[in-house]
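Take a look at the structures listed below.
Note that chain A is present in both complexes that follow, paired respectively with chain B and with chain C.
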Partner chain A sequence: METTGDPWSGFIRRLVFEGLTDVGADGNIHPGLATAWTAENGDHRWQFHLRQGIRFHDGTAVTSTAIAASLEASCKGNCPWTTMRALGSSIVFTSESPMPGLPALLSSDEFLIHDVNSGKPLAPGATSGSDGGSGSFQVSGVANGALTLAANEASWRGRPFIDVIEVRGHRAVSDQWMDLAASRADIVEVPAGEIRQAQQQHLAPVVSDPVDVLALEVSTSGALADLNLRSAIAWSIDRNVLASVIFQRQGQASAALLPQKVSGYAFLFQPQRDLNKAHELRGGLAAQSLSLAAPTSGAWQLAAQRIALNLREAGFSVQVVPGTATNADLALRSFPVAGADPAADLEQMLRASGEALPTIGRDSAAVYRTERDILDRRTLIPLLHLPRAYAASDRVRDFHLRFDGAPDIDDISLEAAP
Partner chain B sequence: MSLRQKLLLLLSLTVAAAVASVAWTVLVRIRHVFDQRDQEETALFVAQFQREFQNQSAGVTDTLSRLAETDRARFVATEVTQSGDLAPYLNEARTMADAAHLDFLEMVGPTGDVISSAQWPARFGYPEPAAMSPKAASFLKREDLPDGTSALGLFFVTAIDGVNPPVWLIGGKKLDQGFLADLPVAPGMTVALYSDAPSTPVTNTAASNTSSSAPPPSAFDPPRLIGVDGVVPNAARYENLVLTALRNGQQSSSILYLTKRREDSISVTALPLKDESGKVLAVLTVAISRSSMVEAQQHIRAIAYGVASTGILLAIVFSLWIAARVSRPIEELARASEAVAAGNWEVSVPERGRDDLALLARSFNHMTAQLVSQRERLVQTERVAAWRELARRLAHELKNPLFPLQLTVENLARSRQLPQAEFDEVFEESTKTLGMEIANLKTIIGRFSDFSKMPRPQLEALDAAAAVERIRALYESACPPNVRLLTDVATEPMPLDADPEMLHRALSNLVLNAMDAMPDGGTVTVSARPVEDTIEIRVADTGAGLTPEECERLFTPYYTTKQHGTGLGLAIVQSVIADHAGTIAVDSRAGGGATFIISLPKASV
Partner chain C sequence: MKHTGLRSSCAKTMVCSLAAALVVLAAMPAHAATSATRWDRPASELASRIAEALGPASAHLEFRNLSTIPAGETNVIQHLLEDDLKSNGVTLAGAESANAIRVTLSKNTRGGLWVAEIVEGNETKVVMEPVDLIPATVAPAPQKVTLQRQVVATEFDLSWMAENGIQSATPILAAAQANSYLVVLTPDRFAVFRQLPEGWIEEAVAELGAAHARSRDPRGVVTLNAEVNGFSAFTSGIECTGTFAPNPSPVIGSKWTVHCHASDDPWPVMQTGPDSWTRAFYNAERDYFTGVIAPAWGADLPPFYTAGYLPGRASGPAMLLTSVDGRLLLAESGQLKPVAGARDWGSDFAVVSAGCGAEAQVIVSSSGDSANDSLRAYELPAQEAVPVSEPMPLAGGVMAIWPAPDGKSVFAIVRTPMQQSHEFGYEVDRVTESCN
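Our next item is the complex of A and B:
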């Protein structure tokens, strides 16, 4: 398996670590390390009952105390709950405000459970130690930038069909595709902007539903403290061109945060461009040169440059800077849509973007109002809903993607070499 | 300054000026020739460079033309015009540009909108006006870039073959370090490009992709002058030349001195690069090092200086010889003249050659010979006169005692007839008178004898004040009652090399003469004071004074105004003073007293 990023990131970590809950293939929340959970007192108190007999990869029992320690370490004092404690074989969360989306939140990458007392085999120079996880795969080696995972024979989910996975990181997409064609890789990434190219090259990519929200984060400080300027930016961007040309018709232009499939109301936010309105809102204000931070990879950089062009048409001076630049006025970001619960997804997006977290009702109308209020602030401007895609070699059987667009490694198998 | 020195100076200056003027003329001519050669070489290089530039332009044209003929370009153009779907060809221009080694390439649809852009892929769909007016040749254009800057490029536009409606390809090469590096340049030649592009990110111009509204150049920004190796060292020196080319749009040339050393100078030609509207977008500078030329010039100059210095040195030596040859007879004449002036009339000068100086020498020798002859005749005459005067004086002096002697002898002879007693009385009186007159004769003869036996002075260090003091001490108390002796001596030292006794005798003679000149009493004043290089001693009286005739003859031997004087006193004084290399003069007028002025050379201390 090859990836453009760090091998120890993304869905790879989900092979090693597990959460209290998990997102199923249907996008709904399913039991993970917790078998059941109950909410009390108007979602102010949650109790998660743990699965029994689970052990970390080093054999240490996964206890409620270890899970509590892991959760505490994950949020580092900035936890969404007020208190959290181990109670027998359960974990109890309490909060001053309702936490209706807590089961979905606990399924996110942020709250994957790990043994805080274990060694760190991924640390530079480390020769031993445990990965601290309890997932269906465990780290068996790190060499030359490649991560080797071995099947966890004792996984409560059952042993995966794959014995060993070698994850090679920091591979350019073109190299990944070449390796796939040369049978040096079995699963490679296909960025959304290159799905069409992969299809033309007969890589037969497996494409998910839109699960990534490409959005523009807008700073509220400095030149863009004025809401009208932020609105002018929102009206300046031609989303349809981004979707149809740069992302090769693989994305959906949208002015909504949540995809239509998740929320059901995304069509209400029309992604139209209105340059006249943008000029009107700008009102001749000559904002100083703005910086737009964006990842330097292919379609992202192109999208950032196109946005900069759109904004220049509206009278803004925009300079595209590398995505690592801090304190940029604008930032092009992607927010994952983890599950089918719109409220939970919206909450996780807001949490990821650093937005203030309102109490989100569970019904669609409440989620819509919340999203509309957020979008009216123009601090988060949705642009596209993008799918994820992977291409697999012919010997990979039963290859499909999960609801969040990640490959479902647990269920795949390999055809034996002739 | 002597004649020889003057001649030497004059000749040296003349020859040196001549050599220097020749050297200067040669150097100016050499410089002119080198400058001319430099200009011709620069013009040659610039012409060659312009041909290479045109070749590069032609290369861009050829590349674009070949691209427009490819099946791939035709296929993409056809597909896009039929389907309107730009997405599959977003990176097409980049791929084609990389293959063709172009920095800029855009495929522009029939409506003038970009289909695919190599330099700014996100610009698809935006208009590119330059593509809608195809040109016969390449042209310069400033291209805006995604990072907000712009770059100058050499562009060409051509339609893709066989596509209707037409789809255009516009592309070119960036005028940057790489472009400059590709230009073949001669050894010692460097090229640089000054781009007048705004360094700040452009705003609101990306859609139109034109920067022609950039303000006119106002200030020179040295970092914008880019050479093959980056920013040109000493770029600030190019300011005037580049700005002139930017503002005037005309090719201009100049010699720039990069440091204080002349060999670090370069001959630079600034070529304005214009867009189609005639606006100067950049200035290309072609610089040719002048180091080898300057070094050659300096080498020649050093040789010229060496030759000139040697010439001047030889001129000085020659002048020395000429001056010596010319001035030697004159100097000999001068020395001979001085000898003549000093009384040595026997001197003569060599008579060499037949030139004017030889004639002068002969004349001089003739003159001295005549002088000697005349002096001898004068001496003979004076000697005769002196003998006559001496005889006259002797006769006069001796006649006076002889007459009483004669009378006494005659009286004694007559007295033999007298009684014995009377005879004895006469005899006794006569012998007494005879004795007195004989003694008188001895005295006269003694004085003449003394005059003839004047000794040479025995010089010793003496202060004039001491000599005057000695006179005052001797005569102050011995003066007659009606005569007063005063002295007036300067306070500063008045050293003399003199014989104290002879000088005292001379001064005593003058003081006694002064007293004799005042029978009715008066004042004798003896004074001494330094006057320049001499010591002046004056003896003044308040007597009746002398007539001019007396003054003229006063020092003549045997001339006297006294009734019983021999006329030798002042002659002896003059002799003593002359033996001390001094002079004596008298200043007097009738009734105003007389002043004798003695000037003696001051002794060196």
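Our next item is the complex of A and C:
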């Protein structure tokens, strides 16, 4: 398997670590290390009952104490709950404000459970130490930028069909595709902007529903403290061109955070550009030159350049800077859509963006009101909803993507060599 | 404000109501009447919300469908909504009206969502109504066979499972029942239960042991074993037997002896006679049968998930199997033949013979939504599967099916969502065929 990023990132970590809960193939929350959970006192208190007999990869028992320590280490004082403690074979959370989305939140990457007392086998030069996980694969080696994972024979989910996975990181997409063609790789990435190209090259990519929200984060400091200026930016951007030209019609232009499939109401947020309105809102205010941070790779950079062009047409002065730049006025970011619960997805997006977290009601109308309130602040400007895609070799059986667009590695198998 | 009855302004008088009902019934085809009933509540609720937001005013109504509701039914919904709006004091006007109501029939991951945008000048209000998108009910055509379901036991009827409570929903891999005894195989245990008036009581149990490797999609089989006067069970790398020693003495009592041992022996996959079985080697790492069977069948078989014996075909007995690549195949006269008409089939089936027409029927799980599975009977007069019963809905997803010892029914293990938790439970169902 190959990836453009770090081999130890994204869905790969979910093969090694598990959460108290998990997002199933249907997008709904399913039991993980917790088998059941109950809410009391209007969602202010939650108790998660733990699966018994589970062990970390080094054989250490996964106890409630170990899980509490992991959760504490995950959020380090910035936790979404007020208190959290081990109680027998359960974990109890309490909060001053209701936490209706806690089961979904605990399925996120941020709260995957690890043994805080394990070694660090992924540190450069490390030759020993457990990976600290309990998932269906365990780290068996790290060398030359490649991560090797071996099937966990004792996984409570059952042993995966694949014996060993080698994940080679930092591989350019073109190299990945060549390796797939030359049978040197079995699963490779197909970025959203290159799905059409992959189809033309007969890679037969498997494409998810839209699960990534491409959005512009807008600072509220300096000139952009003015709501009218932020609104002018929102009206300046031509999302349809981004979707049709940069992303080859593989993305959906949208001014909503939640995709239509998840919320059912995304059409209420109209993505049209209105340059006159942008000029009117800017009102001749001459903001100083704005910086727009974006990753330097492929379609992201093209999208950033196109957005900068749109903003210049509306009278803004914009310079595109690398995504690593700090204190940029604008930043192009992607927010994943993890599951089928609109309120939980919105909550996780807001948490990832650092927005103030309101308590979100569970019904569609309440979620819509919250999303509308957030977007009216113009600190997050949704642009596109993008799918994820991967291509697999012919010997990979039962290859499909999960609800979040990640390959379902646990359930694939490889055809035996002839 | 909720509306539960007739929908016109004359609904307050019985005469007018009856007249309206007769007119509607006469004008609407049967399926439209069904649709009206189905959409009545959400249309009424949405109209109430719109009226509450708009007040007693006139507005132009726009209507569109982004959901999977068929076009024929959207007309019904629009008419219902118009009637409900009128009865809530909203006057529908032409496009020249200063107010507009834009209704969108949408859907999300939870089901249907009807959205109304109420536009008054520069102000737009939004109201929504969640809707169950249950398929329209169609009167079933009479079928040759009817399936009937009886819940033999749920895991919570079985005492040691109940002790674990909701913290450990133990999957049931296989089960079989004979007389008042129920044999249950789980990934960890092989147990015999006896039915008493107060419920199922555990008679004997064997632990499968820590050395038994868990597979990802564990499977198992339990069959009657006349040789030991009891049952045999197989799961990954393990074979168990349960032997019954009858004793008429009330002092000593009858006794079950159960034990398990490591075994790579082939599993019994289909019964070809009263005491004869075809056995198949199981790949425990991949959770399928390798295609190697004993005795041989005259054709090289591919790896498969399920096999069944079809007697009485024109060219002699045949073996039906679902291969791991998803095909349904007939091994017949030394050849492998694909079977058509099996697009709706899941990977589990069992062959039964209830004496309804053809010599055998195949009871099959559906390939659709695993949370709302169903079983259906088919016959294979040639190389095509023909349904002979209506789908029989189950309480959850089918995990496995086997023929029962009587040959006329099947045991199904059904994974059911549990109330008050997010875990699943398991139940053993017995599904019996009867002839219509």
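Following the convention adopted for this analysis, the second predicted complex is superposed on the first by the 418 of 418 C-alpha atoms of A that agree within 3 Å, B and C clash if a C-alpha of one lies under 4 Å from a C-alpha of the other, contacts with A are read in each partner's own complex, and residues count from 1 in each chain.
Rule of thumb we're sticking to: a residue touches a chain if its C-beta (ideal position, glycine included) is under 8 Å from a C-beta of that chain, and two chains touch if they have at least 3 such contacts.
Please read all numbers here as calculations on a predicted model, not as lab measurements.
Novice: Both complexes share chain A, so when I overlay them there, do chain B and chain C fit or clash?
Specialist: Aligned on chain A, chain C fits beside chain B.
Novice: In the superposed arrangement, does A:P407 touch chain B (first), chain C (second), both or neither?
Specialist: neither
Novice: Thinking of the overlay built on chain A, is A:L302 touched by chain B (first), by chain C (second), by both, or by neither?
Specialist: first
Novice: Using the superposition on chain A described above, determine whether A:Y368 touches chain B (first), chain C (second), both, or neither.
Specialist: Second partner only, chain C.
Novice: Mind working out whether A:Y265 is in touch with chain B, chain C, both or neither, as first, second, both or neither?
Specialist: second
Novice: Going by the contact rule set out at the top, does A:R196 touch chain B (first), chain C (second), both, or neither?
Specialist: A:R196 sits against chain B, while chain C stays out of touch.
Novice: Output check: A:I246 vs chain B and chain C. Expected answer is one of first, second, both, neither. What do you get?
Specialist: first
Novice: Which partner, once the models are overlaid, touches more of chain A's residues, chain C or chain B?
Specialist: If we count touched residues of chain A for both partners, the winner is C.
Novice: Pick out the closest CA atoms of chain B and chain C after fitting on chain A and give their distance in Å.
Specialist: 26 Å.
Novice: List the residues of chain A that touch chain B in one complex and chain C in the other.
Specialist: Shared contact residues on chain A (touching chain B in one complex, chain C in the other): none at all.
Novice: Could you list, by residue number, the parts of chain B that touch chain A in their complex?
Specialist: Against chain A, the touching part of chain B is residues 85-88, 90, 120-126, 146-148, 201, 203-207.
Novice: Chain C touches which residues of chain A in the complex?
Specialist: The touching residues are 21, 26-27, 29-31, 35-38, 49-52, 89, 103, 153-161, 260-265, 267-268, 340-342, 363-365, 368, 397, 410-411, 413.
Novice: Mind listing the chain A positions that touch chain B in their complex?
Specialist: Residues of chain A touching chain B: 196, 200, 241, 244-246, 248-249, 289, 302-303, 305-306, 308-309, 312-313, 315-317, 319-320.
Novice: Flag every residue of chain C that touches chain A in the complex, lowest number first.
Specialist: Touching chain A: residues 66, 104, 106-110, 112-113, 115, 117, 126-128, 130, 166-169, 213-218, 285-286, 324, 371, 420-423 of chain C.
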